[in-house]
Amino acid sequence: MIIIKPKTEFVVTVEAELTPDLAEKDVEEIKKFKVYYGKDVVELEELFEVTKEGDDKKLVLDGDFSRVKWIGCRMSDGEIVVKGNVGANCGAYMAGGKIVIEGDADDWLGAEMKDGEIVVKGNAANLVGCAYYGEATGMSGGKITIEGNAGNYIGEKMAGGEIEIKGNAGDFIGTEMKGGAITIHGNCGFVGGDMKAGEIKIGGDFELVPTFVKQEDAWVGDVNVKGEGVVRRL
Amino acid sequence: MAEENIICTFCGSVCDDGLFDTEKFKSKRLCKLGSSKFSKKERIKAPMIDGKEVSYEEAIEKAAEILVNAKKPLLYGWASTVNEAIRLGVILTEKVRGVYDQCASVCHAPGTLAVIEEGLPGGSLGAIKNRADVVVFWGSNPMEAHPRHGMRYSISAKGLLIKDRKQRKVIVVDVRPTKTAKVADEFIQIKPGYDYLIISALRAIISGNADAVPDEVGGVSKEKLVELAETMKNAKYGAILYGLGVTQSRGRDRNIENAVKLIQLLNRHTRWIIWPMRGHYNVVGAGEVPTWEVGYQYAIDFSRGYPRFSPAEFSAVEVLKRKDCDAALVIASDPAAHFPKAAVKHLKNIPVIQIDPFPNMTTLVANVVIPSAVAGLEAEGTAYRMDGIPLRVKKVVETNYWSDEQILEKLLEKVEELKR
Amino acid sequence: MHHALHIKNGIVIDPKNGVKAEKMDIFVKDGKIVEESEVKGEDVKVIDASNKLVVAGGVDMHAHIAGSKINTGRTMRPEEMRVVRNIANKFRAAVGRVLLTSPAIGYEYAKMGYTSSFEAAQPPIGAMHSHEELDAIPMIDKAALPVFGNWHFVFKYVEAKDIEKLKTFIAWALERTKGFGVKVVNPGGVEAWMYGGNVTSLDDQVPGFNVTPREIITSLIKAVEELKLNHSVHIHCNRLGVPGNYETTIETIKLAGGFSNDARQVLHVTHVQFNAYAGDSWRTVSSGAEEIAKTVNSMDNVTIDMGQPIFGHATAMTGDAPFQFTLHKLTGARWSNKDSEVEGGAGIVPLVYLPKNPVHALQWAIGLELGLLIDSDKVVLTTDYPNGGPFTEYPYVMAMLMSKKMREGELEKVSPFVQKATNLPAIDTEKTLEEIIHMTRSLPARILGLPQKGHLGVGADADIAIYDLNPLEIDTSNDFEKVYKTFKTAEYTIKSGRILAKNGELVDEYWGKTYWVDATGRVDMEAIKPDIEDYFKYYSVELQNYGVEEGWLKKPERIVI
Amino acid sequence: MLEVEVISGRTLNQGATVEEKLTEEYFNAVNYAELSEDDWNALGLQEGDRVKVKTEFGEVVVFAKKGDMPKGMIFIPMGPYANMVIDPATDGTGMPQFKGVKGTVEKTDEKVLSVKELLEAI
């Protein structure tokens, strides 16, 4: 297990593609891991304290990582625990393993995620499980659980996997969704625009786009794309 | 006669039929906005460092130092200068590994995101004036923002097929009865924030799925929506011209993306185009130039030595709100006046370089102020009208002010020197 | 600083000058190829090219490299921009997968040994934008072909059968756009698109005008030939991308019948692959390449280029707006369109060519059939970048045309549909290295009418590529992998006498010329002035603000007719 | 106090003075809120009165103007006053929500800050 602690308050954001793979390296090697700090490429130890405890494939990010981006991007196994908040693109393109964020997550959490699990104990921001601009497919597998609230644009172009939000969510849920499932326990805004397939379940209030057809216990649409997406009450 | 032809460098209409009397310093034929542009105004007198007047060379040297010493400088603005200057600005940003962003970021950039999602089925303003028998202003208000647009290109403009105002139906869709609504043939008032749903409903009606649509959507009756859908289908050549009412409100890019899908559908029946009513005279250039130079229109980060695009991370408002830059160069723009206060706050805390002809709110927070010549009046260069048509704006008045291009050329030189 | 060069002991292939793989030395001074005596006493840099192939720099006569179309393509496709080719240092940052940024275009051509490229469709009113982008492309010489086939002025003069005025208009337009030649895209069809339609044959009437595509094409050929422009009419035929279109293509080619020119063709038909489909639907579609090849081979005044698709990503961007909409409907992909004043239009749609897709495989096979079946003196190698894919894959096409064995290997990977719908599997032809060098250098230079390009004779521009390939030893039939690899990266790329790239590394930045053709001296410009002034009421800009002045360009090179 | 939806946008006067931000003309072009007649009457406003506009994101004092607005909606010209109360969240798009922000409006005796004072207050 590797424990990484910020040494200072960062002047600008840091980009650190930290994955549990690091834990398999020698501590001196880990300290030399390259991270981006503005225009400078610096070694991990220049910005963070790094300690190693045992050999399990786990990173503990101890402190405020809200200004550190790309944590866990492309990780395929092992575990990351963030003791505070985390910056944008956390868990992007993730293919396996687990990320637990004890604080809040920023935009693009689990974007284009393929497998694995992300748990956010606090709130998440926008674009959870979405596709990056120009790409056709968002999240395609795995699970994202958000204990608190989430922002706008959740699961756009999502093709598989599961997003569960225990609190409220914002606008544009499951836009152009083509598979997978989104569950929102609280309220949210617009739901289901151009949804092709998949399922959205909502506990609270929401506004469905006006192009779904009411069936027995659910709405099916979006008719604009001959969609067979299902939206129902939780 | 001291009268010269001018091309107006105020709004995105870039009217090219203006006249300017260099003796009286007064324009003719331009609208209120254009006339104000081509009139005597208070100027920044001289280059300044921390309020003290200095030479251009000194100010530029100081600016270069700030940029080179920054970890992540933000270089923002660009919409009110010419392509030649913008190109140097992009290269400068690449060189100092900063963030390039431009005014569209708080204006029409959601339209760019919609282009990424669905494309831009459009046409030039000349195509609209010649052919459009139905024009829909959706969340746009040219009578206030582009006063001669209607007369030259869209509302009363006459062309090849449209010989008379009566041959064109003008519809305004907005949340309030704007000045443009008052000159339209029809005004459809919608509930704020419901553009997306209304467009979805229109698409369903046009594609034969009217059954799914409820009796009322976004404050508009189904009957009215069916009527609008029919008008659209029966047009010979229709145009949706959208504005900030769509890009700056709930839904933003998704509204436009949905409208583009509507246009795609309508072209299966007849001809329709969609186009943004771009604001500043060369905000199009501020996006086109970086696109050919580095691949993206705005929100571009160079910290890794190559361009990356991400509005959530690299748009000026996000960068400032997140305190994610440690210096800023502001050119041909006034973020201190036009950004939300949460973003302005950080501008007050970092070194700011300003290049602009006129004192504005950003001047009040700038450490280095470099006055520049007014493009279209004191400096020439290429600008792209809102529809991307290039026009060469002119220099009709002599000046001692340096042009943006000159300033940036020197600044780039200085930066290269310091990096060596 | 300014070295003369002595390229020593290279094996030179220079088809224009009849040099077939001969060991010889090449001398360069002041950007030109010179006699040995000229460099005596100069500070000469010697390049040892022993056992290496020395040829003229490649000439790309048809690519979409600059202007509003490619730039809208870039805007629309950020996913294309995530491939990093160069990190900013001595050279600019350069990115792009198939769609490249302007710096990347220049750098990639240079790495490959290409030194000139022609933008194949310049919207006249957007001319300045095309030129700004051309000016942002380093390393190569360039030019742009403005599009004429849907311009109302052209319709009017063709309608009036007034060839003199048409000639004058062409001269006016080339001067205003700083254009190089006359491009025609789906003549009449784009005007029909303004009403939601297209033309379906050479004899459809264009809406609003009493003219047909046939009349537009023949009138433009006549006008261009009388003006004696460097380049002939360069046509993108009607009915592009429609099964059965090969017949229209053949009919179009035959329109050149009545014309002749001693120096070059009178009609260049571009990216013919997209216009070479037989059958009457996508179910019954098959190759029409053989018939087209027969027609082209039987004529001495027509040339074509291939428009070869490369499997993988591409972006369709043409002035053929109705075709682009059809493509959008077919694929459901993003779609941009631009109706441009009274000049025509354009469209852009992303696409991907998949080897297992029967239609894509067919397109791929047809391109190769055209390349193989048409005389090497009449067919130029292109991908119609980025419509067929990247220009950086020209070496793939070169190798394929030279090796049946390579084709057999590739045929195994593609949809079996090509076995019955094309003759590619049965074609034994293997082009020689000399033919391939001709198809990529001397032939396009001749077609464009640029005597200083595409060869290594004394007086030519010193645009030279050296490849690590001994033509006396290479077995192009069997060593296709080496051929492919070698042509991807020149050992040296020399532009106007300066070494720009070495083994794929950029070493020097150079800004090439932009050629434009000035034919105003051959016509009476006053004759059309009233017409232009009058018809400009249908423009949204003033006549006085229309066009590009020479002084606005970085390195203009005026060719006076 | 009334609950309203705040929108901002361009106006002719704002545009005509935008290059003279430190002048009285610009100040006058951007320092007001337009209200519907109903809302005007409900707040008992008179010509020259000021209102305080409050949203989740801030508050600002501006002059009140009667305008052709739907009931429950107020318009502030784009500029520094509107930007005190609009929603700075961009939801990942880079674009703050300049239009359609829920808030309240009430009559006030407080003065309207100058452009400079406004900047200092941030």
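Just so it is clear, A, B, C and D label the chains in written order, and each chain counts residues from 1 on its own.
Rule of thumb we're sticking to: contacts are C-beta pairs under 8 Å (C-beta built on N, C-alpha and C of every residue); 3 or more make two chains touch, one makes a residue touch a chain.
Quick caveat: nothing in here was measured; it's all calculated off a predicted structure.
Two chain pairs, B-C and A-B, are weighed by contacting C-beta pairs, with B-C ahead.
A comparison of C-alpha centroids places B closest to the centre of the full protein. Averaged C-alpha coordinates put the centre of chain A at 37 Å from the centre of chain D. Chain centres here are Cα averages; for chain A and chain B they lie 33 Å apart. Between the Cα centres of chain A and chain C there is a gap of 46 Å. Looking at chain C, residues 76-78, 80 sit in touch with two or more other chains.
The multi-chain contact residues of chain D, meaning those touching 2 or more other chains, are 91-92. Shared interface positions of chain A, defined as residues touching 2 or more other chains, are 107-108, 126-127, 133-134, 171.
Across the complex, chain B meets chain A through its residues 70-72, 96-98, 113, 116, 196-197, 200-201, 203-204, 207, 209, 211-214, 217, 250-251, 254, 258, 261, 302-304, 309-310, 312-313, 322-326. Contact residues on chain D toward chain B in their complex (touch as defined above): 5, 7-12, 15-23, 57-58, 68-70, 73, 75, 78-80, 83-84, 86-88, 90-100, 115-116, 119, 122.
Put simply, chain A touches chain D in their complex at residues 107-108, 125-127, 151-153, 170-171.
By the touch criterion given at the top, residues 76-80 of chain C touch chain A in their complex. Against chain B, the residues of chain C that register as touching in their complex are 66, 68, 70-72, 74-78, 80-81, 84, 86-89, 92-93, 95-96, 101-103, 125-129, 132-133, 136, 193-196, 325, 328-329, 334-342, 345, 348-349, 537-542, 544-545, 549, 552.
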